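Take a look at this one; I'll ask things after.
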Amino acid sequence: MGIRVAVAGASGYAGGELLRLLAGHPEFDLVAATAHTQAGTHVTAVHPQLAGLDLTLGATDAAGLSGADLVFLALPHGQSAALAAQLPETVKIVDLGADFRLRDAAPWEKYYGGSHAGTWTYGLPELPGHREQIKASDRVANTGCYAATITLALAPLIAAGVADPADVVVVASSGTSGAGRSAKVHLLGSEVMGDLSPYKVGAHQHVPEIKQASGATSLSMTPVLAPMPRGILATVTARPLTAQDPREVLQAAYADEPFVHVLPEGQWPHTAATSGSNSCHLQATVDVDSGRIVVVSALDNLGKGAAGQAVQCANIMFGLPETSGLSVFGVAP
Amino acid sequence: MGIRVAVAGASGYAGGELLRLLAGHPEFDLVAATAHTQAGTHVTAVHPQLAGLDLTLGATDAAGLSGADLVFLALPHGQSAALAAQLPETVKIVDLGADFRLRDAAPWEKYYGGSHAGTWTYGLPELPGHREQIKASDRVANTGCYAATITLALAPLIAAGVADPADVVVVASSGTSGAGRSAKVHLLGSEVMGDLSPYKVGAHQHVPEIKQASGATSLSMTPVLAPMPRGILATVTARPLTAQDPREVLQAAYADEPFVHVLPEGQWPHTAATSGSNSCHLQATVDVDSGRIVVVSALDNLGKGAAGQAVQCANIMFGLPETSGLSVFGVAP
Amino acid sequence: MGIRVAVAGASGYAGGELLRLLAGHPEFDLVAATAHTQAGTHVTAVHPQLAGLDLTLGATDAAGLSGADLVFLALPHGQSAALAAQLPETVKIVDLGADFRLRDAAPWEKYYGGSHAGTWTYGLPELPGHREQIKASDRVANTGCYAATITLALAPLIAAGVADPADVVVVASSGTSGAGRSAKVHLLGSEVMGDLSPYKVGAHQHVPEIKQASGATSLSMTPVLAPMPRGILATVTARPLTAQDPREVLQAAYADEPFVHVLPEGQWPHTAATSGSNSCHLQATVDVDSGRIVVVSALDNLGKGAAGQAVQCANIMFGLPETSGLSVFGVAP
Amino acid sequence: MGIRVAVAGASGYAGGELLRLLAGHPEFDLVAATAHTQAGTHVTAVHPQLAGLDLTLGATDAAGLSGADLVFLALPHGQSAALAAQLPETVKIVDLGADFRLRDAAPWEKYYGGSHAGTWTYGLPELPGHREQIKASDRVANTGCYAATITLALAPLIAAGVADPADVVVVASSGTSGAGRSAKVHLLGSEVMGDLSPYKVGAHQHVPEIKQASGATSLSMTPVLAPMPRGILATVTARPLTAQDPREVLQAAYADEPFVHVLPEGQWPHTAATSGSNSCHLQATVDVDSGRIVVVSALDNLGKGAAGQAVQCANIMFGLPETSGLSVFGVAP
């Protein structure tokens, strides 16, 4: 008998990816998956890619989840706190929403509105000290997908004093699954195919999380919706404070990490290579004209940016091998 | 120490997918991978999705492959026979090419040219009796991707006397990876995105294989290149010979199969749901206007259509659980 | 002062394409465009591709449309009849909906439900005699996009006694704009990219229109949603009744047509080549295995399949050169 | 009898778009189109979207081009100078290559290699004074596609003293047609679909042109290949020097321009809206966290970024209305 696991909010894209990973996990037993309007539906009607998995979605309430040893919350932002409060303390929780990520209440209220729910251990194992904190925690706030992509590129450079935290400019493009599975005209295939479309320019709600996690103190972040289902590519530039090679700093930081790969020189990350995996690919250089540090970071927004990262955190919380049930390798082409 | 496995022709798309599957296989140890012009290159320069796999491609010759217990041949059509002849009889072989699929020499010479190399056990485990033949064989000819898609839809209906083998019409659309990784203008992203493009209309070289495997005696098959990297969707229609429900025939044929799923009524197969998996999804109905049987079949041309199928055959040849190292579930969206 | 033109239902994809064509038309003056929920909105908020066009959408009612010499109706199926009844007889109308296409009431009631509104001149100028009927009509029912694609491929072959009208099998794949601009989960970019998805298999509502227009008496038509914004590719197969070359029949039928092109031998139609144009590309052969006639037809579902076709009909109705404001050439890549 | 026009290098993507525009131009008569390996081929075999245009490609030499009043050169970089030298002085030329764009020889030799051919009038009509220079010139160097996109966003802000020319950071993503029509593995549809891929990071050859045209003195420019056939989206950020609203500066600069549209507040440019047109869409804001100016610019790399821009310049050179044969409106979806 393995560890009993439940997923709340299983009808969305992150929820579906969690189910896929958990169905193949050697230690976690998927015992329940819940949804809101889709409660009562067989999982394959909602996620046809899971044909062969015999599971009916339940209602999202504490009763259906309390029997689990571990609950993943994949709910819309702002809905995790109420449900988490109803779950027994003995149930470990990984929240994929934004509710418990921020240490400060002020930016939460500014960007999300409403009152701040609190702060849980931040679920990015590759940050110094975080793996140990996650291991000791029963409640973990999984990273956002943009935050994971950008922080993995930037945090070691700021920590090493190589990149100026006060002068960071990022443009990050995301596949459409990052915008969720809600029926909106601007997300229709007819609108997004053949199209690059920036959004929330000049004021994105993930900026506070990225600053908190990476150490940046001033951040211009422009998000772009790209015509592909999965993947984030972030171009992170910063003014250098030293002449140190940024690539070497990243290599040193991630030398022992199974999921973060600083590519061989001359090879640049691209999103397709990370698709379906829990890996993040990185490369860095110094721009010859401006002298700025340029780091490119790629990952799968549903993998290392959401469900994969959450399973990695859960593996750590339960003392399992960190790579259990996760793939280092992408599905490409 | 597991079973020692090598891949010849590892630089193409099917080869890359084989490496991905073998790197995660619990029993097979990937000991060598070879290529032609890419020999000497690190595998991640050729397949960036495999970052984290430490392997350098060798040259494709018998010397580099003979030490393996099992060799997968993923070579261009017509090149398998010469290499296979040089490998020791003790090495089991699964050939992903077309060389050994046909029982008759005549259609080989008509569609492929050159002389026919011979006939190996046909590697489609779900056909009656084939699983046992594969288990008893040291040499297996893996199905072609179109043949797998169409045969799984059609063979049980012809075998049951429900569909007329002399009146079969198929239109099958394939993702671009089915056309291989060769640098040709008509395969450029600029040409294929936003485009549906038929090819080899009226005379496709896979027709003899499909007829042999499915039992069809007359087959109109039109292939179409579709703007997606992976996946085949085949619409298979045939004149009915009885009033039996074609869906029930398929359900009965595949009731115990782990990788072939007849979907719930009302739900139709689509390619994305099978991406990255070794599954084939099927659905059938009778057209209200014409009375023809219509079966739709979807699979991943690199999965159940090539590398996944090959691993499934190899699992059978070595007495392993048939699903070892393979995923039932697709990576979607 | 040119001909005063209005578009009812201008917020959808066909409506947007109509506005684009009319804004560049040398004789038609766009005087009004109406919408339902988007009434009161500036056109560029709804159709950003029309930046530079100064026009605010009005409400869809007879008052706003009656001042025009010509009204295009681009409304959801079933809504044209009520509006058309309120417009003065002196206003010429081209209806892009299905309401007035069918001669018989029975199939309308079977496939669409509700009572049949009536029958207008069928707007496919390339059918024998139709150009003259359109010229003499004040009310024209524009073809459906599937019907245009398939009928142009099939009608001359049936008329010539070359193809058996009782044995026609069609698979037709459409870009997503054919499904309209409604916010539905299965049309999201995340769902459709990388995916081929059949729908309404075995019973599509356009079958009666296609049979009526083409002369087919038995038709198996399977529609597939393809991962591209525009374009339809139809593979039309039929049993031959004579040994006549089907390509020659098509060439003879369309020799003088500006918008229907039978391609040079060996060159097959593909959708991207017709994108943004009013052209239909055709090619035909006889399948070597089955002996069936295979015709492939490609067009832009919003061009020759909807808005372009409607402008062509309107040009005829007003005695203008038939190509006015329309492009023979596609926008590719 | 109109103005006689020829296109050298007509087999590529920019060449094909030139042919499409010229075939519909009211004053230019397309009299010759030349190619290298495709000489002797009918144009529709090379550009199927031009079915209906009766033209055979000639060889690219001075003899075949000298009879024209106007020649467009759409050759690979470095090949224009030799051909231009052989054409009579009476022939007006628009060069779509990079050969004559730079004023200084040094950056040419650094980024392109070889010796600098010289400097022609720079073909960006919307820059102050340029329209008049183009009108007075017989030789015009058309802008590069990245330079057009970025310069239109940036030049007015630098000229007005609003943006710091010494602190400009740009990330620009291009559709694949920007990489040309050469058969390379990394441009295959299988590789680019579902993928974002940066290239030439830290040292792109277009940086000198962008600096010269925009007035930037320090420029970090990261180009990204995006999974779409057409379109460039540039995110241009700069440190502000004043508190002036950057949007108002752009509006004032382009108030009378037919092809440059500063969108209504709250509406951001996206590439699909410019597809097939000669328009550039712009929007600007000030980032709330960093205080940087952020301008987003979108255009069609084959339209305003290449062939459309070239026709616009030619219209000016011949005293024609600047919009002749060009579309303000995009083809979308």
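Per-chain numbering from 1; labels A, B, C and D assigned in written order.
Going forward, contacts are C-beta pairs under 8 Å (C-beta built on N, C-alpha and C of every residue); 3 or more make two chains touch, one makes a residue touch a chain.
Just so it is clear, the model here is predicted, and its values are computed rather than measured.
Of all chains, the one whose CA centroid is most distant from that of chain B is D. On residue numbers, the C-D interface is repeated by A-B, which shares over half of its contact pairs, out of the options A-D, A-B or B-D. Per-chain CA centroids place chain B at a distance of 38 Å from chain C. Centre to centre, using the average C-alpha position, chain A and chain C are separated by 44 Å.
Each of residues 13, 175-177, 190-191, 193-194, 227-230, 270, 272, 275, 333 in chain D touches at least two other chains. Taken chain by chain, the contacts link every pair, so each chain touches all the others. Contact residues of chain B toward chain A in the complex are 13, 16, 20, 23-24, 42, 44-45, 47-53, 176-177, 193-194, 229-230, 258, 261, 263-264, 267, 270, 272-277, 279, 281, 327-333. Those residues of chain A lying in contact with chain C across their complex are 13, 175-177, 179, 181-185, 187-194, 227-229. Per the touch definition, chain B reaches chain C in the complex via residues 168-169, 171, 173, 175, 190-191, 193-199, 201-203, 207, 211, 218-222, 224, 226-231, 233, 235, 237, 268-272, 275, 283, 285-292, 294, 296, 298, 333.
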